[in-house]
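The chains carry the letters A, B, C and D, assigned in the order they are written, with residues numbered from 1 in each.
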Amino acid sequence: MAQPIVEAHDPKHVHTDEAAWLKVVREVAAELASTAVERDRAGGPPRKEVQRLRDAGLLTLLGPKTAGGGGADWRFGVRVAREISRVDGSLGQLLGYHYLNEQFVTLMGTPEQAQRWRTDSVRHRWYWAAVINPRDPDIVVSEVDGELRASGRKTFATGVRIADQLVVNATSAQGRPLPFTVPADRAGIVAHDDWNAIGQRQTESGSVTFSNVLVRPDEVLGPGEPLGPPPPWSTLVTPMIQLLFVNMYVGIALGAFDDARAYTRSTTRPWVFAKVDEARKDPLVIAQYGQLSADLRAATALADRAGDELQAALDKGLALTARERGEAAVGVAAAKVVATQVALSVTSKVFEVMGARATHPKYGFDRRFRDVRTHTLHDPVAYKILEVGDFELNDVVPEFTLYT
Amino acid sequence: MAQPIVEAHDPKHVHTDEAAWLKVVREVAAELASTAVERDRAGGPPRKEVQRLRDAGLLTLLGPKTAGGGGADWRFGVRVAREISRVDGSLGQLLGYHYLNEQFVTLMGTPEQAQRWRTDSVRHRWYWAAVINPRDPDIVVSEVDGELRASGRKTFATGVRIADQLVVNATSAQGRPLPFTVPADRAGIVAHDDWNAIGQRQTESGSVTFSNVLVRPDEVLGPGEPLGPPPPWSTLVTPMIQLLFVNMYVGIALGAFDDARAYTRSTTRPWVFAKVDEARKDPLVIAQYGQLSADLRAATALADRAGDELQAALDKGLALTARERGEAAVGVAAAKVVATQVALSVTSKVFEVMGARATHPKYGFDRRFRDVRTHTLHDPVAYKILEVGDFELNDVVPEFTLYT
Amino acid sequence: MAQPIVEAHDPKHVHTDEAAWLKVVREVAAELASTAVERDRAGGPPRKEVQRLRDAGLLTLLGPKTAGGGGADWRFGVRVAREISRVDGSLGQLLGYHYLNEQFVTLMGTPEQAQRWRTDSVRHRWYWAAVINPRDPDIVVSEVDGELRASGRKTFATGVRIADQLVVNATSAQGRPLPFTVPADRAGIVAHDDWNAIGQRQTESGSVTFSNVLVRPDEVLGPGEPLGPPPPWSTLVTPMIQLLFVNMYVGIALGAFDDARAYTRSTTRPWVFAKVDEARKDPLVIAQYGQLSADLRAATALADRAGDELQAALDKGLALTARERGEAAVGVAAAKVVATQVALSVTSKVFEVMGARATHPKYGFDRRFRDVRTHTLHDPVAYKILEVGDFELNDVVPEFTLYT
Amino acid sequence: MAQPIVEAHDPKHVHTDEAAWLKVVREVAAELASTAVERDRAGGPPRKEVQRLRDAGLLTLLGPKTAGGGGADWRFGVRVAREISRVDGSLGQLLGYHYLNEQFVTLMGTPEQAQRWRTDSVRHRWYWAAVINPRDPDIVVSEVDGELRASGRKTFATGVRIADQLVVNATSAQGRPLPFTVPADRAGIVAHDDWNAIGQRQTESGSVTFSNVLVRPDEVLGPGEPLGPPPPWSTLVTPMIQLLFVNMYVGIALGAFDDARAYTRSTTRPWVFAKVDEARKDPLVIAQYGQLSADLRAATALADRAGDELQAALDKGLALTARERGEAAVGVAAAKVVATQVALSVTSKVFEVMGARATHPKYGFDRRFRDVRTHTLHDPVAYKILEVGDFELNDVVPEFTLYT
């Protein structure tokens, strides 16, 4: 058997138990793979599959070890999301978003809050979703009869229908940031069944409305008073999610490559003018695999490098400077540019090494392209290219926003 | 309103009535456009739409004028198929295949047969399908009790379920070519409802079986005796169908561009970091349109040039030399390489100038990519590239086959 | 022998004597080819070669037939420049610029002036240069002692050192446009020997200074009084020169392809792992030729289409509308985008089908890349892409400038 | 100042003194940069510059620490060659080839020979060249009057004219491999002054002839008797040199990027239609830098990953399996594909962000393209693509040759 084109682990990087975790991840992935095509067709929330992730310990993989979590870092978290994306883009996204959402309490809350919520999260093995989309008006928290009540609507919010706990990026009536966390089943929260896209079809990224939703005082995140601009470290949330995207795209593209290879080996007939008895011996087919692999290896290597650099920034904690934060963000942006371009190319070109019959829907090979094509529009890659260029040419690091 | 990026006609080329025909074609196209997304989703044979083509006179557009047909040449026929593909790839293919299939009787039959069948075709406004796929075993015609009987199976045969008349590329029991034409409802012919692909979903390209099908003596095409190799002119059938493919791809890509432009103008929101109030004023968006248009214009110009050259070859009739036939075929092959690459690129990249919400299935924007991705696998573009290279480097024109 | 990859002529387009002219052009081209590498190395003005063009009647090819010129149109003029560029980029540029410069008197002068100067031009077989570069301050014409005197400097002006007659795009002291034409040897004009670039090395595009240069009243072009904005027809000068650029790039790239093909056939050794006895039988080599040829054919077809459209605009004369002018200009811009991208790619990639020994300077194969790389920077292709995009997306035709 | 786009060092990888060495390398590089354009123009052996490398301790950087060398590994050696290539492709090649040639004694000799020659090499600070080109007939060693005498000719042999010591890949009269090492000034060795290429102009890669050259018994490398196939570890010589190529290309491309950035910042004028007062503020310029940087980062990350993997293989020594050797070689091949494609693209496109005046030869910006274009033809990248594809699709690792 050929080695997978990206190494499972690099001995220099792997914590003692990452190899063991990857083994678990791959077992789960193999199971998910067997139903992925059918679930892509049907859409709808993958509750059973999320439960499978929970049972395998993957929802709590990044939770604090002290509370029984896996204690993995972000670099490894996105690596796991990559492996899951390799068989199922929707579940890769759902798992990766959960990893980030669960950490919002660390980035936005006080240390005490972080400890409390992350401990609870591990203990109850919660799935977290976020209600955050910055392109919609804010959800507003007002004081009503001495209680805090949240109302508003977000067009897109991934995973709310399957979530146990939510983080919400709201503002006070006065326009001050007022993030909070509530159980997903709190009265007044409705996650609508209106997600529909050509790709990432099981991510349940539909709209959600908050109608007079109670927010308890201890659910409000942060010190509760204006504190000036956030420290660079807590703004790493954007490169974190962007790095997740990079790994989702790389993962989906690797999965498309895996599938194509298996199909060419087993099923593709040699072309009528090829002087070979198996398609896999046709030099024109082999050359196409070579180019696809080289591109994937480059995208993977850059994703891993950006991951190492971002993890180093995360590990600096509050000592992280704005410049260091910016350079890590630019590294992630560059990786996203390459991953986007390579993933779009690979998920389309694999058809050329499989042949016409591979377009039968029973194989679901097009879901890879649809998944990448859909999610890479989350924010325009043209603007990521600008970010990288502005850094190189003008020595400018991007400002913190929910896209940069 | 901006001009369409491909001119409707070039004054030097247009026969008196091509402009009038294009007007008709566009009216029909506008109607087909309104239901194309829904029909793509549902699949199934577009009987009503083929009837609409019939009523508009488009099925008989290439029929002899003497019999009441439009008398259009192949160059214009593929031009019409391009316009229909611009709104509906399946119908563009069904119309274009019909144009070719109807002409098989000219290329394979005696002059008398050609005249008879093409006259009947115009008179009855038949839709023609072909049972030909060269990658399956041949359908075999045997003499049984003094009658000719055809039996066999072809995996793919476009349009049989909606056809009135068929041409079949069979062989005798002795392996001699024995093409014939029969009504599609002749007893023993079953067109199976088994077409399923991610694109070109209404082309009804499923399998067909012939079980002891009667072939009347006057339905057998050709002189009925071995005649040595076919004249170059009658082997133009392959560059003809390949030129149709070129125009289908160009048409589908132009349609994707049309749709994207309308959407960007009407619906796309400017990106949060763009310092403009409309997406259409964002230089990064404008630049993407510029590159897509330049590529489409190149593919279109080359398609038209290849069409002019192929038509000139067709117009030479039996005086055409093998070398001339070969050069026209190479020109078509080069056009197919460019059309394939541009169409795959355009139908994917249009999403980047529309934005994330354009992935909602209600728009059906992905059907353009799925259509191109599916049909461009008909035969590998890598081998078309080889054909062109072999001509340029080694001065070799391709041998006649059903792919070259 | 294989056909050249671009047809010499298309029967539908060729005036009676274009085929005869092309024969002449190719004879001259063959002679120029034999010294091109050496002259590229040496640089300096190609006086002998321009004389050869003159003797062959090519300087007067576009001159009025009534005066003894060839009477060719612009479409054919750039076609000739393409053929010359195919062997020598510098001479292609010098010839093409001459064709345009000679016509400035038509576009900027009164009909009487146009007739006078163009007749003189044919009679004396002048080589024309222009002093125009819009990125420098204007040359200023002042009245001194009842005479007009011109002074100023232009950084780049192609061909002045070899010119007989100049057109100058000056302004009056009051800033009013005041174009004029003078003999190149008029006192006070100094063309400096300071052209030096990595490509187009014999174009003599150095600086020129005007020091108190006498301009006779009858040398001033135009009606001599402000007339409001120029008619669209006279602003075709920009698409005319841009179309020339398109044909230069296409010509140089075709020349690179010609040379590579001859070298691969005669000299390239098969790679050690190729299972063939000649490099030209290696499928990986053939495939590269196929892709290069397909790209070149597309660029050529689009160049020709843009030429047809521009000629149609030119043929409308003063009846041409601003919109029609704009659409022809956009067509040329799109052709320039494609020609630029293809020519840069082809002139670099040809080395891969020739092999390492082809880098010996004695072959001069790199001059093709240097020529294209140099001249394609005349104005940024990124802005041509914008022009095309702005037309497609926003239905805006470019304003007349000396770049659009 | 912006960070260089490739990090100087990754804390996890750097041996104690790599950072210190890189400081030295950059000082030397800065000096070499100041004369690189002029030396490229003049060609000829860079004796003074090689002496500068020697004085800085860089010739002995990979020499055994026990003998006073730097003790650096191959991974770091190619990293140093990358930095030198960043200012001067020829010197990067000369230094990198020396690093490999000096190690041939380790790979081909007995342990005693390795120790002896490498110790001598450090002590005398030799520059090593190799006489090896596998596409020429072998140099043959015969016994004459009881002495070994070598005769023959190699078309290309880098650096012989500046070398102190040579390794020669000869055969016995019986065709048995008979590698040896001799001083470069041994009687009968003539390095011809016939290197001439459009790039890598100071590499002195000309021909060399051996006429009856004495080879002393202790200069013959290896055990002196046939031993069966070489162990996988000693065949790492090919991925080692190929990894050097990767780093040369990446280095040259990074240098082109460095130069372009400095030029755009200091010299490029904003385009006439750009609504900015400095070229560096033009979004179309910034976007081009962003894409170039993203591509370079990917090529660099993959080069580094391939380096880590190859070093791991080297570190296994004789325990290395053929499969492990093959996988490391495939990793290097993939990195070479990407580095080749990116370096060709970057060294051409940088002109578009600098503008027309950057084509003046005084800047020498085109030498980057010429250097990459020349050396990337060493062996066809199309065959490297095949190697990668054959591994991925067919699970085949390349056989050991001097190209794979």
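One rule holds in what follows: a residue touches a chain if its C-beta (ideal position, glycine included) is under 8 Å from a C-beta of that chain, and two chains touch if they have at least 3 such contacts.
All figures in this text were calculated on a predicted structure; none of them were measured in a lab.
Undergrad: Can you check whether chain B and chain C touch via the same residue numbers (shared by over half) or via different ones?
TA: same
Undergrad: Sort the other chains by how far their Cα centres are from that of chain D and give me the top one.
TA: B
Undergrad: Between chain B and chain C, what distance separates the C-alpha centroids? Give it in angstrom.
TA: About 40 Å, centre to centre.
Undergrad: For chain A and chain C, let me know how many angstrom lie between their CA-based centres, rounded off.
TA: The computed centroid separation for chain A versus chain C comes out at 52 Å.
Undergrad: Can you tell me which residues of chain B touch two or more of the remaining chains?
TA: Only 283-285, 287-288, 382, 386 qualify.
Undergrad: If we count contacts the way the header does, which residues on chain B are in touch with chain D in the complex?
TA: Going through chain B, the ones touching chain D are 283-284, 287.
Undergrad: Within their complex, state which residues of chain A touch chain B.
TA: Against chain B, the touching part of chain A is residues 134-135, 196-199, 269, 271-273, 284-285, 288, 344, 348, 351-352, 355-356, 358-362, 365-366, 369-370, 373-374, 377-383, 386, 401, 403-404.
Undergrad: Across the complex, what residues on chain D touch chain A?
TA: For this pair, the touching residues of chain D are 1-3, 5, 10, 12-13, 257, 261, 264-265, 280-281, 283, 285-295, 297-299, 301-302, 304-305, 308, 312, 327, 331, 334-335, 337-338, 382, 384-395.
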